[in-house]
């Protein structure tokens, strides 16, 4: 009943993802301990072609398009190393956008945009280009970035501070949201900027030291008067307001992340089963699998896991169906899509947290030791509820207001 | 995000089901109060062709085959009247078996069986034949029926007592499980018997007076030396033991029932939204939909509803996929199938119960009055956990033992 | 570990309450079915002296003062009949107020008030006076009653509509909250009025037909220009605003009601244990108590029951301690007291609902029949969350705002 | 509504505990990071007299006797450092036993035992003697220790391996359970042994590296032919079987540990409130405390906290009451006492885990950083369910079997 790919591109991606599991798992404990970034995993992901998942096949990629299959591949990688799963997801989210833009450019015959897109995607497929997105800042929210893009004579100057910039230690390019003045003098705009790593003024902080997902490289980045050319900033809407494109982008950039937390749950369940079969106690005359309390916990694990799998499958399948028929949905449809994502995120996160905890119960005190994989998963899985947008302080109200036909809060 | 049909036969069935909702709802309160059976609903279901959902199109039916779509149609009917939904489901489960047998007979060219099957299904399609199944007895379980089929000179004599014989007030034929001697002198056998309503010795007890599902006609039936011809009893396995066919039949006969409880949740959610928009309170300066506590409850309802829908969709889609590739699964596969059903049943039931309760909270004290539809749904929804097989006293252990590779208990 | 009385008056009250359990239980099913009021229970409660629980011993009462012991006695009565428990609680809440007023009058030597109080309490102790309180109206909340008290030449004219007037079929006197003009021309006032049953203009609606608590007589009462003398209305604060006295009164009038829902849980647990020991199934080679799934459910029941008992004990013991040291707390303290009550109410109600449901699981399909006591308890227990003030749509926000030091909403 | 001491000795102990909170908290992060033992905390606890809590006042101690007050003091210390709280609890559990033995010796006038007890307690009060208890071994359970005590010419030889030996880095004396031959040739016996730290053959493993409670010094201890004099081993029952004394000792030695997890919850709630008032977001026009989602989470926190406090208070108050009237309960009573402890443990642990998680939600992504106190509490709080005896794999069945009158499993 595990998630399975549904498209040819998805099968390629998931198969590759599965092949990485063991090696990533073997490296996970040490990177977790040290808080170091698993660059060798990204070497492997370049070699296997996973980094080019969203690149069309004719440009050397895997031709993945399905969001459902994307989340399934992320789920598999998380069985090996959840940190790597969310780091890869970051790059895939941006490269998926580039591929989508290329399809748009091809449709309208925009040669320049085609060339630019093909160039970037070719670099992605060859492993030369790794892109990380960052949309989080301290003290504000996604719709209201304080990082500014100020027009200059020949482009833009970008200044601000981004946090939780996952995968940044190996990225070549940052994609970030900014606040920019409106060229027409209207209210400030929301913009998206590409800033190459190494641009003068970009200062990675090397400050990622967290409870879990310690190998995800989610450091802060300070930007001070970073100069980028005109084409590097795209204005996409009004600062502080949802518009359909920004909202869909927010869903599409984050929904597959849920896969990582499902993958943690899948792995925790494997460990619980293995632990229950291996551990013996005299009072059970053999393996503790024979204890009814252990059987009840496994039953609870599998019930929660089935619901988590179904929830992720449903939310992502709905997005694939929507995009196939309506690639540019209106604002209400986009909020419906975000609502579905938020519902799935809530169920998967809560169930995954519960599954890891029950797996620890099954495995007993040994699971509390630092050397036990479950003690890492317990820390990694807690990252889920913090994922953007709409934390547990906001998600229920957001979903409820949509149900009631009230304007959602930003 | 509601469940939608996935096949042509399913679309026919679900469309018909939707057309029944309003009329059934209009009659539900009175039948609930009186504990009477809504025969007029079955008149409607005969006219609309819903009773012939599983009959092939060339025999006058809807040509439904998908289990997923079956459960979707049951979900829709439950929005009108949950009692009618589970009553219809009973008939569909048995007529689906007859259609499956006909396909088998056609495949092996068994003219007599073809004629018998076509005869029954023709009668089903025309609305002349309504079949109810009964497999529950006091003080024992499905695998160990105490109702006996004893060979006679020209057939069988059947005696025993069945309970929860849903839909029996309008059925023409009972399908029941029995204990029968093995013709070869081996251990006793499990058998399935068809007994026409009105057979001498069959005494319906007219004793259905329950907390909920009061219009489902789930009375007891006493059978005393009921004589049926030889072909009316089919021996299918050993009494007290699972075998693949019996186990698959148990899953297929009950999984779509979950749809009824999802339908209750869907309806409760509609009532909560409507209530929140309609009810005003001075302290909220208008509709209580503006109260953050109401919004939180609606958020919780929609999160739970999304997981319930996904769980039912997943479990039934998996069965459709399995049957398409492997119509006669082995025992282990059949247990896996039952496990998936049990997981979905647990999640849907628990979530549906929670959704109804939260909808009552939203609607306030009025929802506690007998005349409020939610007060009926609160009673109806509680039937879910009792549904066969594996109640909450057994389901977790069953699922857990399968996860651990231990032999499931019966 | 059940709740036990802690004072002499409490012991008297709880002992009497326990003596009523069996007789009340014997009558409960029929009154539930018919929706009739168990007047014979109130005859018994008059004879036993339970109605005079809060009357001082020297006036012929039981001398109960402890709120904790009060809730314990209500818990016991609910084991027999929850409807009677909440009906009696209504009368006790008002007679407790009268006793408290008498103590105040005695303290300040107010002979007239002493005489009035002694008169009422003497009538209460002798069983001649039963008082019911009503503070609920459709479309508004407790702080904003639309029932008006208008001054007349020689008293007041009262008009309005009250709902959920529990115990009203046997009461001699209604106590209700009203909106009245301020004598000084300020903002409208909140007032409390006593209206004798039978006053011209009072029209009981005989409309109580609910999901549960069907024997509580909680009909609506319409008041049309009911004339009462000057002393029958007491102005206590500003309409629409909490003040310490009104807020404490709200807590004190309702907190012991939680006992009724704990009593339901206690009874459900008894039925689960008895059912598990009595019911046999061949697959368990005897009683289902031997099934590990049943043992798990009983474990879950007892864990939830222990938390519910502790929560009620804690909240009521805190009130007893507070009142002993600070009988007239300020507004902040009164909100703290209400917060404690709301926390206990939430835990007891949620746990009691879960306990009844698990007890039904243990007892199996028989518990779904109308004749099974659990099917009544399932309906009765759902009344808990509706109890005033602060339903589940409001309670979390109320408690949270106090925690955060924000002004609580009304 | 926090727990407050109820006796004079308790007030002394709790007051001292409160005075330690800030200093312990200031040291906690560094010891957690390093996994080092906070010896300076134990210096402070010696100076303050906390280590002599159970020593009678006339021997220089605090004269604590109440189990409820003991758990309250542990709760307070856990607000500063949960690791120190459970480490101190270990010592207090054993010194409480010594004080109890002294009272027994005094009652029967056993001069030698009085002298021995007074000697030990004097050393405890002066801070010279710190005792840690250890009853956990890999691959077996408390009732079936594999550590052996073998009689020698002049005493005993002890060999085995103990794990989770909390506080062992500063202890002078180990108290451990052992398996010993029966002097009369009957079945093997359970014994309790005192082994001085530094006894030849005792090898601390310095292997404590865990997810949480990292400063508790819970390393393993290997014992190889450790020689102790005759009086150092006391035989108390049959190996593998509960008897009243061993069972009561098990409850009394562990119930106060729950206080540490309640203390974590209390501290997490403080951090949530402070975080909500301090953090501002433009979209809330100020502090996030104004967000309804934050208010709902705080409401959920306070509801869960109230139930946790009440559960611990109830279970420990019941023990104090029991011991006051019946210091040597029979086996059934002792199982009832353990059942109460298990119920409280379950509720406190589950609620504390939920409270910490909600506090993290309130505080946002910052709470996921290693430097945030909540990220440590998230790890510390997970130790609760592992605490002996009866983990979540066993507790429900244990409680359920007692409810059903079945013999509890060991």
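Letters A, B, C and D name the chains as they come in the text, with residue numbers starting at 1 for each one.
In this text, contacts are C-beta pairs under 8 Å (C-beta built on N, C-alpha and C of every residue); 3 or more make two chains touch, one makes a residue touch a chain.
Being a predicted model, the structure only gives us computed values, none of them experimental.
Asks: Going only through chains that touch each other, how many steps at minimum separate chain A from chain C?
Replies: 1
Asks: So which one's got more C-beta contacts, B-D or C-D?
Replies: C-D
Asks: Report the inter-centroid distance (CA atoms only) between chain C and chain D in whole Å.
Replies: Averaging C-alpha atoms per chain gives centres 40 Å apart.
Asks: When the C-alpha atoms of chain B and chain D are each averaged to a single point, how far apart are the two points in Å?
Replies: Going by mean C-alpha positions, chain B sits 52 Å from chain D.
Asks: Counting only residues that touch at least 2 other chains, which ones in chain C make the list?
Replies: 292-297, 395-397
Asks: Where on chain A is chain C touching in the complex?
Replies: 292-293, 295-296
Asks: In the complex of these two chains, what residues of chain B are touching chain A?
Replies: Contact set of chain B toward chain A: 1, 269, 273, 276-277, 289-290, 292, 294-303, 306-307, 309-311, 313-315, 318, 336, 339-340, 342-344, 346-347, 395-406.
Asks: Which residues of chain D touch chain A in their complex?
Replies: 136, 139-141, 143-144, 163-164, 209-212, 279-283, 288, 291-294, 296-297, 353, 357-358, 360-362, 364-365, 368-371, 375, 378-379, 382-383, 385-386, 391-397, 409-410
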